[in-house]
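These are the structures in question, set out in turn.
Presented sequentially are two complexes of subunit A, the first with subunit B as partner and the second with subunit C.
On to the complex of A and B.
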């Protein structure tokens, strides 16, 4: 009975230890500076203007990098960490506006404007070219190669003369 | 008293600029040459007057008169004298004065030219430059007075006033706050003047364009008169941008030179329209086309110059609300709006006079390709403008702040830049007026095959990244086509003139400096493209905390931490922390680098100076990470390997050379004619 109790306790301990140790083992090594920077590079400092989080020298940013480190250690992935920052500090921490609502404008307007510019350019070129094209079609020399027969005929008429 | 004198000079100059504008307009409509001459002389006088005002400010800065708020904010006793002088453009009010001073220098210089052939332009050039100088002076006078002094009023408030308020005592701080350490770098000493020079000098071609619109002299005289001004403006602006990049690379400590920051883009936008303008004016000169479009481009460039200054000076970038609160923001907004509407109004008024004199004959002619080049430059402008503006729109309409960062710009602009590179390869081979696929194909096939061979070699030896391979192919093609053009021209001359190859090459370039200078600029752009491709596509980095004799490895390099030292420099009021790192590759010692951080006690700010080993192949760039404690027990280093980045700087030197070739003054044709006449008279006398 006593050995059975010991055995049960032993099994319990191993299971418990397994439960506790597993996540740490699953991640292997603690996150390196490079792991932290890889995430921080994609985020912008929530307080400074236009400074990526991986290079921002302020104390606040150093703490945010520590936060990323501990979240990585907890097993959170990149997307979850970014979401956490967006939830807490707003969309400005992302290096691009999220593709939703009014933000779509930032992605749609430039190609549209460029397209309109290209269309205007092509149309302008066409209108410029027209006067040049018309006389070309009308000129008899342009027609000559089309009909070999007529050319030969003309040639013969000239010879006879 | 001294500071008040400086302020008084500003006010007098402002009144003088306004007078010259008024006298010009009145003189033009009443055909009074005397009034216009008086306006011209007043405009000339703004420069010595502003030099005097600037001299007063510099004296205050050097003397350390800390009662003057500006002096208190940007200098401290421990700063060396040259930095006290350059602190002139280290803060808002001073840099606005600097802007006006440079502007008046250019305005005066243009007043000194010979006007006999362009009398009708003169009054309107005075009006445009005068209005611009007056506007910037007004900002100084009303909102950002660099001569304002600190006073303590009777209720204990401390504030800066232009004139001593009643019942107040002057407040003289014992020492100033000192210049931001990031600005105490040689790059920052030259970069803002260069950029500002580029900005203000673009106003000269704009002024002539407006003069042409008002007077109705819409032939290409205004373009011929301002061609060199434009080139120099473009050189200064380009160099300002490059120096800014170099400064960022050397002191900002993020291993790069360009971060698509709105402030950078603000300076980049007028460069884009300016570059498009430089190309499209050639079509007007050669073929009498695109007159309306050239007007649009120069008006846009001027508007973007003012807009860029507005973006960086009004605080609008940090928040829409900061803009509303800033004193100068709304005035800027009104000024940009009014000048833009007036310019466009004038353009519409003259629209019919600016019709093209010739037609486009072929889609592959040089003028058609130049138009495509303009479309691409304008597309990059659209991307940049929208990227800068969108966060403001978002904040204004939804209250949500967003960041538009590098991924947006890089994705949108890379294909556009690739298109521009391709055009640089094709356009030099196409002819004005007419080109066909056949003529182009015949000219390009040899360089194209050589470029393909180079790309194949790159594929097997350097990279399999397809974006890089496309980039390197375009670089190789453009460089080879351009060199081929030099070679063909020189060979032809060699046969015709019986010269040796190098003489022929030099004379060829001398005969058509604009074309061959342009080609050198194209090659320099390609060298810069190599650097940009290298750092953008192949940069790698790592970071780690090391103890002495421990090492980090990256891209085959091994970096060993050897030593660290920290000491105070009492004279400069700064603490230096300097680490010693040894660089090895394949166990072979290459270099010893000294990454450093400087802590400035007066401004309580850090400056990070990387240790760099620079070769044509790559840069090893080490930063002592300044937010971590640094000692022999542990110091944190960030290491970048930046392949090929040196080509960016080499390219920019080649660029300088190219612009100098293109902008070198020709012999004055009138004087040449006179000289030729004298010679022929002498000859006939001798006969």
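On to the complex of A and C.
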């Protein structure tokens, strides 16, 4: 019984030590390609238009990815790296325009246009009506005579006129 | 007896004030798009344009007059040769030696200043490039591409010759073919 307790305690101690040491070991590991691409994906090549940095094949882009790798290894976080790129290469390297100044139009105008369009569409659809069947109103002359006498009388009147 | 005619239903359109706001908004957007397109169509700055003042921060070891940054306005009275380059730019390598040679030729006169603006580059690679070609004239990064946007450059290399009064006089798009080509432009400006 005592031996079992000692054994259990020993195992727990080892597990605890592993849990405490593991994060320290992880910090010492260099950034992986996935870590680099996770940041590079949010940046555009400053030279090649509309090419995300993680897929850009040029030498310059490879240099920038190496730069991201070294900054990650230094312990810089994603926000700091992105800010560095903005400071050096301008806001156009970001995959999303910064939410400031006239850039707000990019975020506001499209949903606003869609909303206005939807309102106009709904209003237009509501004003559409099914064609109504209007009952035809027959003229008095076209009416079939209800009474034979009345019909003969009308004919006589017509002849005289 | 006639069937009663039905009155047409009252149409409810978009209120007038909403229409006005929508049209004003659309007009504003069109104006913005027009301004942006107009800017893009302008191309690079042209000879005859007065160059607005700017500050180029300099790499350590490439200072000018002990300053770690250089303002264009501080160079008034001198001819300025501003060269945009990058370490990843192959054509830039074709003219690097000629530019350095021209700088060595004119530096003792004190009348001409060569400036190198490193365009969207990384400092380690930029330094390797500068050392590889033995470049000694003031060089620094174009932070945030502010200076290149001022000149509306189309690519690298591009070189701008600014006269003693701050007016742009000549633009070289692409690498120089010879030292004489650089000297021809500078001598013209010095003779004025």
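We adopt the following convention: the second predicted complex is superposed on the first by the 102 of 161 C-alpha atoms of A that agree within 3 Å, B and C clash if a C-alpha of one lies under 4 Å from a C-alpha of the other, contacts with A are read in each partner's own complex, and residues count from 1 in each chain.
The rule is short, and it goes like this: a residue touches a chain if its C-beta (ideal position, glycine included) is under 8 Å from a C-beta of that chain, and two chains touch if they have at least 3 such contacts.
Keep in mind it's a predicted model, so treat the numbers as computed, not measured.
A.B. asks: With the two structures laid over each other on chain A, which partner does A:29 touch: subunit B (first), subunit C (second), both, or neither?
C.D. replies: A:29: touches no partner chain.
A.B. asks: Between subunit B (first) and subunit C (second), which, if any, makes contact with A:102: first, second, both or neither?
C.D. replies: Touch partners of A:102: subunit B and subunit C.
A.B. asks: Please work out whether A:55 is in contact with subunit B alone, subunit C alone, both, or neither, and reply first, second, both or neither.
C.D. replies: So A:55 only meets subunit B here.
A.B. asks: Quick one: subunit B or subunit C, who's touching more of subunit A?
C.D. replies: Higher number of touched subunit A residues: B.
A.B. asks: Is A:64 touching the first partner subunit B, the second partner subunit C, both, or neither of them?
C.D. replies: second
A.B. asks: Is A:121 contacted by the first partner subunit B, the second partner subunit C, both or neither?
C.D. replies: A:121 sits against subunit B, while subunit C stays out of touch.
A.B. asks: Would you sort A:87 into first (subunit B), second (subunit C), both or neither based on which partner it touches?
C.D. replies: second
A.B. asks: Thinking of the overlay built on chain A, is A:47 touched by subunit B (first), by subunit C (second), by both, or by neither?
C.D. replies: Touch partner of A:47: subunit C, not subunit B.
A.B. asks: Find the residues of subunit A that appear in the contact set with subunit B and again in the contact set with subunit C.
C.D. replies: Touching subunit B and subunit C on subunit A: residues 58-59, 90-92, 102, 105, 109.
A.B. asks: Give every residue of subunit A touching subunit B within the complex, in rising order.
C.D. replies: 32-34, 37, 44, 49-50, 52, 55, 57-59, 61-62, 90-98, 101-103, 105-106, 109-110, 113-114, 117-118, 121, 125, 128-132
A.B. asks: Under the touch definition given earlier, write down the residues of subunit B that touch subunit A in their complex.
C.D. replies: Where subunit B meets subunit A, its residues are 252-254, 259, 261-262, 289, 317-318, 356, 359-361, 363, 368, 371-372, 375, 378-379, 382-383, 386-387, 390-391, 393-394, 397-398, 400-408, 412, 541-545, 606, 608, 626-628, 636.
A.B. asks: Contact residues on subunit A for subunit C in the complex?
C.D. replies: By the definition above, subunit A touches subunit C via 46-47, 58-60, 63-64, 66-67, 86-92, 102, 105, 109, 116, 120, 123, 127, 134-135, 137.
A.B. asks: Using the touch definition up top, name the residues of subunit C that touch subunit A in the complex.
C.D. replies: Checking each residue of subunit C against subunit A gives 1-3, 11-14, 22, 29, 32, 86, 88, 120-122, 125, 141, 143-146, 149.
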